[in-house]
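Chain lettering (A, B and C) follows the sequence in which the chains are written, and residue indices restart at 1 in each chain.
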Amino acid sequence: MADTTQEIDNKPFILEMKNMSKSFPGVKALDKAMLSVREGTVHALLGENGAGKSTLMKCLFGIYNEDEGEIVFNNKRLKVSSAKQALDQGISMVHQELNQVKDMRIMDNIWLGRFPRKGPFADEVKMYQDTAKIFKELDITLNPKQKVRSLSVSESQMTEIAKAVSYDSKIIVMDEPTSSLTEIEVNHLFRIIRSLKARGVGIIYISHKMEEIKEISDEVTIMRDGKYIATRKSNEVSTDEIISLMVGRDLTHRFPVKTNQPGEVIMTVENLTSLHQPSVIDVSFDLRKGEILGIAGLVGSRRTELLETIFGTRAKKSGVIYLHGKVIKNKFPKESIKNGFALVTEERRETGIFGVANIIFNAVIANLKRYVQPIKILNNKKMQEDTAWVINSMSVKTPSHKTRISSLSGGNQQKIILGRWLLTEPEVLLLDEPTRGIDVGAKFDIYELMIELGAKEKGVIMVSSEMPELLGVTDRILVMSNGRVAGIVNTNETNQEEILRLAAKYL
Amino acid sequence: MEEKVINTRKQLYDNVTKWMMNNAIYLVLLALLVIIVIISPDFISLRNFKNILVQASTRVIMALGVGGIIIAKGTDLSLGRQVGLAAVISASLLQDIKYEYRMYPDLPVLWIIVPILIVMVVTALFSTMNGFVVAKLNVDPFIATLGMMVIVYGVNSIYYDRPPYGAQPIGGLDKRFTGFAQGSIHLGSFDIPYLIIYAMIVIGIIWVIWTKTSFGKNMYAIGGNKEAALVSGVNVVVCTILVYTLAGLLYGLGGSLEAARIGSATNNTGNMYELDAISACIVGGLSFNGGVGSVSGIVTGVLIFQVIAYGLSFIGVNPYLQFIIKGLIIIIAVAIDSRKHGNNK
Amino acid sequence: MKKSLALLLVLALSISVFAGCGKKAVETAGGGDLPTIGVTIYKYDDNFMSFVRRAIEKNAEGSATLVLNDSQNDQAKQNEQVDLMISKGVSVLAINLVDPQAAATIISKAKDANLPLVFFNKEPSATDMASYDKCWYVGTTSAESGIIQGELIVEAWKANPEWDKNGDGILQYVLLKGEPGHPDAEARTTFAVSTVTDAGIKVEELELQTGMWDTVKAKELMDTWLSKHGDAIEFVIANNDGMALGAVSSLQAEGYFTNDKFMPVVGVDAIPDVLTKIEEGTMIGTVLNDAANQGKATVDLSRNVGQGKDPLEGTSWILDETKAVRVPYVAVTMENIEMAKKSYE
């Protein structure tokens, strides 16, 4: 159980981040943000995606340099310029994507970069003993000589925590640590966290799961739009209050007026289950003409996997997809494209753009068939025209058609990729986090485009982690929880609390 | 109850498959030997195994060099040419003084270790340059070492093709030198060729370096996850360069021994050896994605190819067919490996 | 910007330095009224051709200007070099083809420029030779090297009855063949054996495999064969000296050539290392491909036709019906070793 208010107030601050500001071209990522963590407490850091949590953490680890503000750690001004230096000072992070050498043993990972020596050799015995000692203290039952590759996510996470302890860390940042853990694993993690607290370690706990936060944290700090909003004692604040502090904004002018009218059913998905688990289990829903269907859920709720399974980049085990009442297979992306599907991926840098190529190439690449002339030479004029259409219809800001796509901003890149798929004239457009990492103006353009597509009787499915945009743009919202459908709600009849509640249904 | 039985049976099956996957290369080696023995039972002789081990000796030394580089997520195409350079230089410095066609007619008799050390320094320098270009200038290892491969060949040809005798194989090697590689220790009726002993020593040293020192562990870490190594404070640049330097030392040693083993050297000695060495590493379980591999794997990989070359000649398989078998083994080995590590979608 | 400028500067400097060196090497003799002979060598570092090249340089001194090219074993490169020489205005072309099939192309280039043409060492087909009246050939008869090697074997076998170790009156041999399909490899293999059988000696082929002209491959094949057949092998025939050296090295490691243990080995080429081996008694003979005379004949013919004279004017060469000068091969054994050595002076 969390400590009482009295006990918490008696503990001194170990880390204070004051008036932190940081700007990127076009965005003020941090605007006088604050965070004060007491030793021996768990401090939850809350905020929507894009609220500035990760920027603040990157400033702490010296990955970014703050424009303004000061960090006091252990009563001293902190100045670090790399994660390694932060580690040496006693500040460590357990990453969401674990940064480990998978083919080495646990103890090698823990002592990497500072192996104990015995003459010219690494002292295996000392490594083993020291690791075993830390494991014992933390109640971890792994064999230090096991390879990291053979560990489950929660086990690798524990070794990361052990590594932090081995550096004698005073502050440990945990970024969504429970996003892919089972309940038993979460309980084990919490036991470890409590033993860390007892050692006087301050823990910054980033998560979206309200129940968890209430259970494990002592204090919460809420951020929004790069600003500090409030700090509360966890046992004195209600979930509702936290959510309203997190959202707390006027939603009216952030979204275009909806002009689309959902009509008859265009696609039906029945009992879809993917072959390789954990992934999508028994998902059924339908999509109407002119409808924008939102897909909500926590990290790890298999939303992306749902799109991939429908599109055929992920193998299906069972289930049926109907398009216009006819069964379709969508076994491979190529077939899906032919059936009128298009998928815009979340990781556009990795799976979306051809960075070194120009805009024309990026706009037409998915649809070369359209330009083939009798002797197999591509029709340059037509490609130019289509590219111009993409640029104009989506108000892409670019000096010319021949500009390298990687020199555009994230928002403009995203528009080009959307344009690429629109050129294939899809019936069903699958969008995975279409507005992640792009600025407010570009977001608005993309919302407008989606609504316009709806008005043209296309079906749009949008996966998003941003609650406001789900509530602001969609017609219905399908909430995923742990690979299953937790519920489908009408957007104008629901609210954030209901969606969050559904999202936790199968955890 | 019944379900339980099925489950354990399935588990057993899974375990067996897994074990076979993990030990695939050793099974391949075993299978090859069995097939050869079935076809020609007189293959089982001490003599044959000795021959195979001797022939594998110099190759294993070279493969261990490039193996370290592959573990650190690099590659080295200049191996063969560096071996050639080492062979030519060491041969030119160790010609019998009574031989009429010496490259250096006035060179005195050298203590045998001196030329070997000289070539090891030379190849270590070239390799260090490789490492520098890869680690510091961030050139892709394939390209960097491709360039070095051509450069070293040019350097070697200039050294090799010059008066008084022009492009002649450098032969007439000092008996001490050829004896150094071709001789054996006699233990009663049993003799162990020196080459096998040298290879064992090198295997031992490399095994210690890879598994028992910080340098070795850092090498695996860099190959496995460069980012993680960097964040943990490993000096990635220096460590990468040293991995190449170590490889260079091994090429130098391997090249000298190769010259002594053959009894002569030309500027084409070592041509394409990199492909044999890299294939052996890959078959031995190393991955181009870096971070995995063991000395025993590489040794087995080299032995597999040597058994193919020797054993198949022994049973009289058409040499062209041998190429096909070799190629298939490379592909199958890597396919098994990527199934083992592959992430299923 | 600065960096790339500096790089360019370094590049430019190094090119000019190397170009300087190159020029000195290429244009050996002074200008004047001497005919300019445009020479291509299929591959500079081929050991035999390097001697032909030296003979050409020696014979041209004072009587012709040379433009020498290294075709680097690449026919496309050679064609470009020929174009370049024609446009430079040489008075005659002396071509050592990379690929004999490419003769027609070279002939048509020469025809267009109305230049006389002398092929050497690699023989174009009879049809190609007949297609241009101003083209000649200097070389050998491929079959001859095999025949002479065969004669050498016959003579030695008859003189040493104790070499028939099992006393069955049959010569049991192993043969190391050059690259399959190579005209020399095929001719030498066929004629060496047929000459022996024609002389009334019964033979048995224990092994015949390709060593690809390569010393290492030959050594390893010999290791295998020795292990398989041991003393049943009575003769080792190699298509070239490089492979013969590999065989000798393998035999030495097996304890041959000491304490009465002997194995007759023959090769072709008479490279210096082999001459020493013959003197030592570890090889019984080889066949000299007369580099000095091939070079001399090439220069003699080229100079004459370059000056518009009769090709044979002032020389003792004879042309056969295919407009070819055939420089004879010579058998080299202990008895005439001094003659062979002279060709390397």
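We take it that a residue touches a chain if its C-beta (ideal position, glycine included) is under 8 Å from a C-beta of that chain, and two chains touch if they have at least 3 such contacts.
Note that the structure is predicted; figures quoted are calculated from it, not measured.
Between B-C and A-B, more C-beta contact pairs join the chains of B-C.
Greatest Cα centroid separation from subunit B: this falls to A.
Distance from the subunit A centre to the subunit C centre is 70 Å, each centre being the mean of its Cα atoms. For the pair subunit B and subunit C, the distance between mean C-alpha positions equals 33 Å.
Taking each chain's centre as the mean of its C-alpha atoms, subunit A lies 45 Å from subunit B.
For subunit B in complex with subunit A, the residues that touch the partner chain are 208, 212-214, 216-218, 220-221, 224-225, 227-234, 291-292, 344-345.
Residues of subunit A touching subunit B in their complex: 82-84, 87-88, 99-104, 108-109, 112-115, 117, 120-122, 124, 276, 308, 313-315. Residues 42, 45, 47-48, 51, 54-55, 99-101, 157, 160-161, 165-169, 171-172, 178, 182, 258, 261-264, 266-269, 309-310, 313-314, 316, 319 of subunit B are the ones touching subunit C in the complex.
The touching residues of subunit C, counted against subunit B in their complex, run 44-47, 49-51, 53-54, 207, 209-210, 215-216, 219-221, 223-224, 227-228, 242, 245-246, 248-249, 252-253, 271-273, 276, 341, 344.
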